[in-house]
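Working notes for the structure below.
Letters A, B, C, D and E mark the chains in the order given here, with residues in each chain numbered from 1 onward.
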């Protein structure tokens, strides 16, 4: 036992250290790979989508008279007319109706160009009708062509005219659907969690409920679509495509998320708070209502926001209950037809015109921004109010 | 201080436990334990870890009801009634038997609300001024008034450990219980805070019957008039503290208090 | 047993700590502590909770390096080298200084693999039969062989607490360290298991230098030849166990061992 | 009820949603909701009954089946007007960069059939190149992107091309419409803008889809001649192009006075502005009806002609 | 009656009535209190007690008639129901009010009521599962009346014949689901081949190596991947990754289909990475530190400790996480709908186009076939199988996770 001990690394140890380095490198590599995916993904979406935030506008002379109200294309120069978005022409009768003073006048205004022109100028297509091209070049030389912010993307609804298509109705629809999800899944989810965490006896039935909830959290979302179709629409007669139908369906999907996170939040409240309350004569419900719930509220809200954000991005079940449709008007009630942002993205992704590719990507960027804001607020909430006991 | 004679005379039983057995699931934690709790005295429960002291204590105000899978047999008499009788309302019972825990557990509310909470939900006090008085009185009795009177709106958790523990005592007192149960109330406190709380216990025994669990034999010797020694779910010995420490009747008690194990 | 004279003669310093200070973030846990660890003896570290015993112990084999935000100053000499010197390799160091923890922590593997794990990676043993011998030898030294020899493939977690702790000792012995550090190795054990482990420690000191942290003064008195009393990050007193317990030089030591606090 | 609901064929969907948008943009009615459920799904919803939650109009790329009409009448939907609004040509498209090819329906059948007659027996289709089918055809890989089994376009293709083709080829005996599954025929989503991209990149490949997609992507792809006829609007309209079908439009008359804008919508759809030879829908790829046929359809609509079981038998 | 009317009756009628009942109950208790009798409960609790008994009969009557109506039973007209409910409420309210006495344990009654209300809420999740099963099973049975289960499970040909026109011979359809499941498993396998190593190794890096700062940055970044909607992944797979796979394959001289299985598989893998990594992270963190310290104290390096001690101990949990990942991949819909093929194809080559179960479901249910055609009904049969498979996977992983948790408490 008297051999001299050296505290410097032996040969074998050096070998072990090399293995150590390798392993660490693999782990770091994996993490970097995952983050690279993220970067590539966002770069790709921005690359595809950024151009849709701007749109080509033309300065044209518009003539209003009895004739052009009827044959609206004739309100601008014959050679320029094919370059102007159809969405502009069809407003002409309205413009005149709303402002009769316009009748028999000519005004010079900036109008939205049709999407071929727009796509051509953005370099997404490389050929154009020769006549149109000539007109365009002439207008450009005169300084009558400009890129402007695509307001329609945010403030108008879906359209079959790419230069007129926007996210507004889908956004409003999403809000409606989220309201339903919140109104249904939040109270039921929190109540279920309270029951399981604070009241339920530990028996087989309770275990069955728990397993069932964990299972529901992992049931493919498309099956919830089948449920929504069969139960809510066909059985209960909720109107197809309505925010109510979509909201109820998504509520059931969100329920397990809220239950699971609420339970975690309740569990994080130390037992001695409950004991303290009950030892001074509070009933079980009073101790939950007065102490446990207020303390776990940040956790519950965090879970709820995350659940809502998930529901907000869900598409598959909506395919089956009629929310993937042409619904350009924002809903004004729960029972009106509505579409939601991811559904709008899916619709656009399937449109044949090239212009919709960048619109889709732009829609994705908007949706992602909303979702990341929601999730970030959840994280902030958690960090801000998280209590360490 | 009352003389020894007086103490003898005044002795009357406040609570009385008969043949109490407790099971947690399959595991039996108490084996038919019987003991009397003497009125306006401090009774200490000592014994090695896991011997059932806390279990016994928590049966007195039925806090064990909250544990999943617990089974309790035997009787605990309080005010001429078995607290486990079906018609007894636990919530009512607990408002008569206060409890203080090992780790101070003030509610995450203001000092004021910590104390006002129970009287409010129990409907003991309705008016704001009455409540103010009650809070003041309780804090005074718990010896905390001077230290906190200017900052009643501060969160209870902002106090030091010893202060928190006294706040918990004040909170328990506020619903005017007649018995106070304490489960190792000083084990999370530093020596100075421990001394303050011990002194408080000494004062409180004038008005309250106190049962205290402690690991610290010196503490039992210092504060308790009576001491029970628990071992493996049984009471090995129960007598006045002096005789238990100086002339233990049982070999196990002697082994324990001389530090042969534990 | 060696006589007192022999013990004196044999005394030589195995490790020597000089001016050791430790900070956890802002908080200083040790304040320039110095102490010698005597070879083939048991040294006990006692003191109230939080006084820095574990911190001190974990500096000896640099386990504290793993704590986030720790800062260490001073020297710990082992085999004529400062273990904190830059060229010293921690992994190497730890294979010479074994450690046993408060809660038995066998790996979730079989008894055999618990012991064979480290020797296999360290390349101490190559052949299967050699490994069998090493496992047997280590278990024998830890006094566990007789109890488990028929079921070496059983998971280590299936043993009782005391057996698990001896398994952990066997596991530490298997890489033939010369020093064994033990942090309250009996505090999670029942009295019977404690007695077995204490007896084992007594036998192990023939071949190993042992440093043990304990809360239990009786235990220190029973097993240790030398005892250090820690208080608030300082060593108040260090001497042979007998004199420390019978004639403490410091008032604080006396207060502590007579149970005035803690 | 303030909002119309239109369901049905995915082929008619681009046209009916365009008209819907026009109605919404130029009148005070809410824009009708248009959902592409497929012709079959459309009939199912349409025939579910009369009332708020059922659709007002369904489109179809095939005629209603008697069984579907029965479902309708069983559910109280008895007053239905049927209109043909135009034609859809099914085109065989390829990249513009390669020479256009001239195919017969028999050749196409041999290229896509699961089994082909060889020496009087039906064997698994061995053809991998067009030149193997007919030496006059180019030496190009057979690769066809076409509609999936769930699609009405596929059915029309099977009927108009394969049934015809197999009947004219010795060895089949009867109409044969099973499509090969060995990867030469790749089922693809119909409104899948990737298909065009795929054709542009893979010069060998063909795509089978509605004429409107060809119209949309004239810059990248071109249609093959079938039986010597190029897929052009006029030739489809006149019926010379052999692979074309009618597009239908079914109106639930019971809803007419309950749903705002419903008759305006149908009027607008059948108006010259939309559906005539100079209408907008033409630009979207709808093959307009000949003028007299259009007139007849309009008068059917004006008189709210009621669809009966006997109409469907022809 | 439509929803808004029901809501109107509910909030316009029930809520004010309940408020009145509350006031009545409270007042009676206060009067008793003023007379000096000691109340068992708070006055407000008596109010809630009466209000509850007022509302319950109305809700019960509404619920019963509503259910009866839905099941097609004959129910009286709405005004009758309404007056019926009113009478019920009045009786409930009066009886409760009579029972309000100082000795009445109103608090205990409220406690019971709350208990049952919470219990009722917890039944919703059970009903959801039942709903899913009910909404699939009947149609699936119709399908199995036409096609034998055996052919469906073992057949290798999926070639439904259209039933658009009279005279088409639906009987020659073949519904062998093997190629669909083969495609599903192929894409799932690719996804898991990406997700498990990348997810697990990043979890190890974050929990064992990374500094606190790196962790607080990397973790939320990874979670962004989990928050991206599947329709977005689908677009990414179809527009970017699929053509990329074709190009890359071409540079190796391989021919890839534009709807190859690889692209949706890869993208699905990316989607599942954060799922695996955060579950693995939880599991790894739940391994007690004492085990790591035990290993370090023996002179082991970090990676040796991770590989030999931490990972084996965490294995059941990682296994369970992976199974959950698999069930997620099996049921994932949008990515494959947008990027995978439609051709039932039994092959080992991921560069070919393959279709999956979920693609078929969506295609059949949104396609043009008539609703009673076998192809449409097949969607439900596929849904049923999908449900059963994921159910089994989930159950296994839930059980594994539970077992694992218990042994480490």
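We take it that a contact is a pair of C-beta atoms (placed from the backbone, for glycine too) under 8 Å apart; a residue touches a chain by one contact, two chains touch by 3 or more.
In UniProt terms, the chains line up like this: A = Phosphate transport system permease protein PstA; B, C = Phosphate ABC transporter ATP-binding protein PstB; E = Phosphate transport system permease protein.
All values reported here derive from a predicted model rather than from experimental measurement.
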Partner chains shared by subunit C and subunit D (touch criterion as defined above): A, E
Which chain is most central here if centres come from C-alpha coordinates alone? E
Which chain has its C-alpha centroid farthest away from the centroid of subunit C? D
Using each chain's Cα centroid, which is most distant from the centroid of subunit B? D
Taking each chain's centre as the mean of its CA atoms, subunit A sits from subunit E at a distance in Å of 19
Taking each chain's mean CA coordinate, subunit D and subunit E are separated, in whole Å, by 38
Based only on mean CA positions, could you tell me how far subunit A sits from subunit B in angstrom? 56
List the centre-to-centre spacing of subunit C and subunit E in whole Å, with centres computed as mean CA coordinates. 52
Counting only residues that touch at least two other chains, what does the list for subunit C look like? 91-93, 96, 121-122
If you look at subunit E, which of its residues touch at least two other chains? 107-108, 238-239, 301, 304, 365-366
Touching at least 2 other chains, the residues of subunit A are 16, 283, 349, 357
Over in the complex, which subunit E residues touch subunit D? Could you list them? 157, 159-162, 164-166, 172, 238-239, 242-243, 246, 257-259, 341-345, 352-353, 355, 363-371, 373, 375-376
Contact residues on subunit B for subunit A in the complex? 61, 63, 66, 68-69, 91-92, 94-95, 98-99, 101, 103, 105-108, 117-118, 121-122, 168, 171-172, 174-175
Please name which positions on subunit D make contact with subunit E in the complex. 9-10, 36-41, 43-44, 61-62, 65-68, 114, 148-152, 154-155, 158-159, 177-179, 181, 183, 185-189, 194, 197-198, 201-202
Per the contact definition, I'd like the list of subunit C residues that touch subunit A in the complex. 78-79, 81, 83, 87-89, 91-93, 96, 121-123, 176, 178
Subunit E contacts subunit C in the complex at 212, 288, 290-291, 293-301, 304, 308-309, 312-313, 407
